[in-house]
Amino acid sequence: MAKNDELQELLQTKNITKRATVQAIEELLYSPIPVLDHGFIRVVDYMGDDSSIVQAARVSYGRGTKKSLQDKGLINYLMRHRHTTPFEMCDIKFHIKLPIFIARQWIRHRTASVNEYSARYSILSNEFYVPEKANLSPQSTINKQGRSTDTLPSEVADRVLSIIKNDSINCYNHYVEMMNEDESGNVIDENNIGITRELARINLTLNTYTEWYWKINLHNLLHFLALRADPHAQYEIRVYAQAMLDVVKAWVPYAYEAFEEHKMYATSISRKGMEVIRQMIDGKKIDQESSGMSKREWDELMVNLKP
Amino acid sequence: MAKNDELQELLQTKNITKRATVQAIEELLYSPIPVLDHGFIRVVDYMGDDSSIVQAARVSYGRGTKKSLQDKGLINYLMRHRHTTPFEMCDIKFHIKLPIFIARQWIRHRTASVNEYSARYSILSNEFYVPEKANLSPQSTINKQGRSTDTLPSEVADRVLSIIKNDSINCYNHYVEMMNEDESGNVIDENNIGITRELARINLTLNTYTEWYWKINLHNLLHFLALRADPHAQYEIRVYAQAMLDVVKAWVPYAYEAFEEHKMYATSISRKGMEVIRQMIDGKKIDQESSGMSKREWDELMVNLKP
Amino acid sequence: MAKNDELQELLQTKNITKRATVQAIEELLYSPIPVLDHGFIRVVDYMGDDSSIVQAARVSYGRGTKKSLQDKGLINYLMRHRHTTPFEMCDIKFHIKLPIFIARQWIRHRTASVNEYSARYSILSNEFYVPEKANLSPQSTINKQGRSTDTLPSEVADRVLSIIKNDSINCYNHYVEMMNEDESGNVIDENNIGITRELARINLTLNTYTEWYWKINLHNLLHFLALRADPHAQYEIRVYAQAMLDVVKAWVPYAYEAFEEHKMYATSISRKGMEVIRQMIDGKKIDQESSGMSKREWDELMVNLKP
Amino acid sequence: MAKNDELQELLQTKNITKRATVQAIEELLYSPIPVLDHGFIRVVDYMGDDSSIVQAARVSYGRGTKKSLQDKGLINYLMRHRHTTPFEMCDIKFHIKLPIFIARQWIRHRTASVNEYSARYSILSNEFYVPEKANLSPQSTINKQGRSTDTLPSEVADRVLSIIKNDSINCYNHYVEMMNEDESGNVIDENNIGITRELARINLTLNTYTEWYWKINLHNLLHFLALRADPHAQYEIRVYAQAMLDVVKAWVPYAYEAFEEHKMYATSISRKGMEVIRQMIDGKKIDQESSGMSKREWDELMVNLKP
């Protein structure tokens, strides 16, 4: 395929523009950043920089304040006080390759523009996600929606991996057989007839890889990342979110720093929780019962206060 | 399960309300309407009726005009001239059971509210879509994204159906084995340990059924239906759209009639296309070349003029 | 006008429905709740109740758990952990009368459906907002975006009120004169000719009242209310938000309670802020400088810790 | 003010970028394009070009097909068949100055990101829209929402213009007096006290100018333009839309051409309308009565067939 030639050519591009341009993200542009066993994210385009946030907040003629410290302070203020609209003024576009079960979680965020590779129109590649042994965890008994920290006995893990591999291959082979077309679209048996692509694909497993273009503004991206880079998110989407955090850091360093401080690693404390904190600071004795909080809320608060 | 008891109880509900109420949709409320082999749609709630559209368009105190003919005329006018906001004032909520590959197409419509059954938290049922023989079609050679009108030779069809059934069962059995839990969540082998649900599910095939609550306003629903009840949509989503069209017809008959006339079965004619039509009506000779249209555009127009 | 007759008739409605119905909100239905000098909000329709949130979160057949305490606990959990989609499953529709300058702030929330009274098509009423003397405050010198707590000297206040009244009346009279139509649409001078309504209105002042239908789901409504019932919001929009809070409380009491506790009166503490709190609880000495926080951030935190 | 210096500096920018860059829009960048008496639009940033649409539609590695004709054909196809998502992959950001009554229409489009100049925080300039004499039209008697084609007698027009000018100036002067601050924020009378900005502004007329940053993707922009450049739109917003059409033409010429042909100047013909057209082409006699169409629908169709 000409994939590499095209990529090389793009990497050589030198256009002259009057637009806000960020050197650090220019260097990332177009190159795939590997995620999981066959996935990647790559930045395909972007619009705006830290100063675009300032510019929009000020509705001014210029481009930010031209005084770094002032820009940084304003961005921090905007993030802290949830003035979110100026962060909508920056956009980024990714080309992403990811397993279908992750795509299903991802697409629930409705604030992005998406173009997915069409399995009605085209043939999916013979690529599927197989977890690393270290990531095979039993169901958590505490958090009904996650993994325990235990790992699986090695022989169980081997059995699991062999099931996933075999079933994926088997289903893909049957997919190709039912279409009577191979991965490249060549007819397999001239004397035979295959079914339509849109139907054959229903036989594929959820770990099959798909691809899409995904464009989102900075505000919505940060919201996505806060949820998906969180320890409660499924491991397989978290690694994508983490790769994106590095991209954001390169692109809009002030916004990123404010985001880490006031959103990503901030803690929301309930009305009763604030009352508990005030009493504790005053050195007063307070326990779950007297706090009016439920056992679960109290425990969550204590984890935050003494991590 | 108590599924049926709960349903029976709901069907007996008799609440008194001052809200706009539609008898025909009340009769549909809660009962599943079957779609495909294991799927269904069922109306769970609704808000507004035809007169709510009129009321919003008039920003008035009352409830429509109380004169049926006037309401009908206004709704028709609003639809014809794309005054879409009054149609946003009615809402409907469905509980839907559908195969995952259809859920993936469906969710691309970002204007609805969705709560999907969580396969991170719960265990999916052993149910998967197997097409009827009559719906197994070869890939269309004209429309790269669809099915040809030919059907498959019977022995090929048999082979396809047997592949889909076997692979689905096989993958489901391995899903259960990997979790070490059966469909009801009972541990299978006390001496063994299973992997987390969120990971085991990646082994399932795309025809596995899922469920969700889906709430949407009337304007966005009609847009969805215009695209998904269209002959170009994949058969398996089209049957859901068709079942919904009947629901809409029962719920807001005036809006539905206007929708059929001015949107669903309306035709968009391009600037050049209108010029061609004007000339044809005038009895002038015109062909593709002199029209300035491409071969494809011309053919599409002719299909519309002489279906 | 027949306004009152229509309203009276609506208030007598007794429809039978299988839908979730809430007695406390039925009692509010249709009746205007006064806000400011000529404004109001009135609930025109609603969909769902507390149990609809539970139902959607469970993707279940029934209607909530039928065990009040369990429903309440789940709703509280969902709110606390920002599982926001189930709250999208309830909708409410208001008819609202409000001054144009407030409408301009309000409409910035893009997640609602709106139908506004058209001043291109119809004639606006001769009604405008004049503040009460007690609400005439000087610009705050601390918060550049708000009012100080001082009130104005009485003679200055009198002058302000007389300006606002006179200019509003004067502009309205000219509006009517330019259209050559009075408030009811009657031609004023048969021998004269007026300009189009859409242009005449540009002479009206921003305190002129307008009306709209506004429909929003519960999740987005709560977000709107958290911002607009906040002390930092402009007084004139805050009173609308406060009236709506009472409506929400009547409609979905569990969701409302969770909202107050975990969103409305919750506090977001930054990463550094949490570190400060932990040290203070441990009885360690910490001040702004050693905290790494800016003076402003530190002051904001202290206000939260010792209000 | 340093407005001009900042602008000059921006116009000199020469950044090197790997991103898709369009020469024709680079030449428009930053410079205000005048609209109405004091308004303007100016392009502040953009992302993508025609080839970005192709790239997203193909979910490919490269940048379009590199064969112009093929790109053009595909874009035309996508527009014709309402494959709208690839058009979401291009974004543009404008800085716009416009009268408040137009801003109120504009903001009803909820699919853009907006940052408006804050009259709570800052002081509005002494600038307001006064129509040109030629645009002072009487209310249309046919279209209840628009202007007739008649113009006003000159003495009536003079009276109208003098009202608008005087009331605007008078209200602005009182605005400044009530704040006790002039346009630049200087205290007017040291011995006096003014009211807060957020309240004083309610005395301004709807033709006062405001400013905002407005960012939107190409798909949503084209939808906005199709509605607002339409002859039924109010003149004062139409001129903004027309200025934007020229920008789009420079930016994405293929998309623009397809838009003109298949959306802007296309005609939606109803089901019955298509039947009428087919019969007319066949030379059959058909009139309103036998068509099943209402008088109004028939007339609208005839206007389209014989313009």
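Going in written order, the chains are labelled A, B, C and D, and every chain counts its residues from 1.
The rule is simple: contacts are C-beta pairs under 8 Å (C-beta built on N, C-alpha and C of every residue); 3 or more make two chains touch, one makes a residue touch a chain.
Values in this document were obtained by computation on a predicted structure and should not be read as measured data.
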Problem set entry | Copy pair chain A, chain C: interface residue numbering same or different (half cut) | same
Problem set entry | Intercentroid distance (Cα basis), chain C paired with chain B, Å | 35
Problem set entry | Cα-centroid distance, chain A relative to chain C, in whole angstrom | 34
Exercise. CA centre of chain A versus CA centre of chain B: separation in Å?
Worked result: 28
Exercise. So which bits of chain D are touching at least two other chains?
Worked result: 114, 116, 118
Exercise. How would one label the connectivity among the chains shown: line, ring, star, complete, or other?
Worked result: complete
Exercise. Can you name the residues of chain A that touch chain B in the complex?
Worked result: 99-101, 103-104, 107-108, 110-111, 114, 116, 118, 120-121, 129, 131, 135-140, 144-148, 152-153, 156, 160, 163-164, 167-168, 170-171, 174, 177-179, 192-199, 201-207, 234
For this session: Write out the stretch or stretches of chain B touching chain C in their complex.
Result: 2-3, 6-7, 9-11, 13-21, 26, 29-30, 44-48, 52, 55-57, 59-63, 85-86, 88-89, 91, 93, 95, 113-118, 211-213, 215, 217
Seminar exercise, completed: The answer for chain C against chain A in the complex is residues 73, 76-77, 80, 82, 227, 260-262, 265-274, 277-278, 280-281, 283, 294, 296-297, 300, 304-306
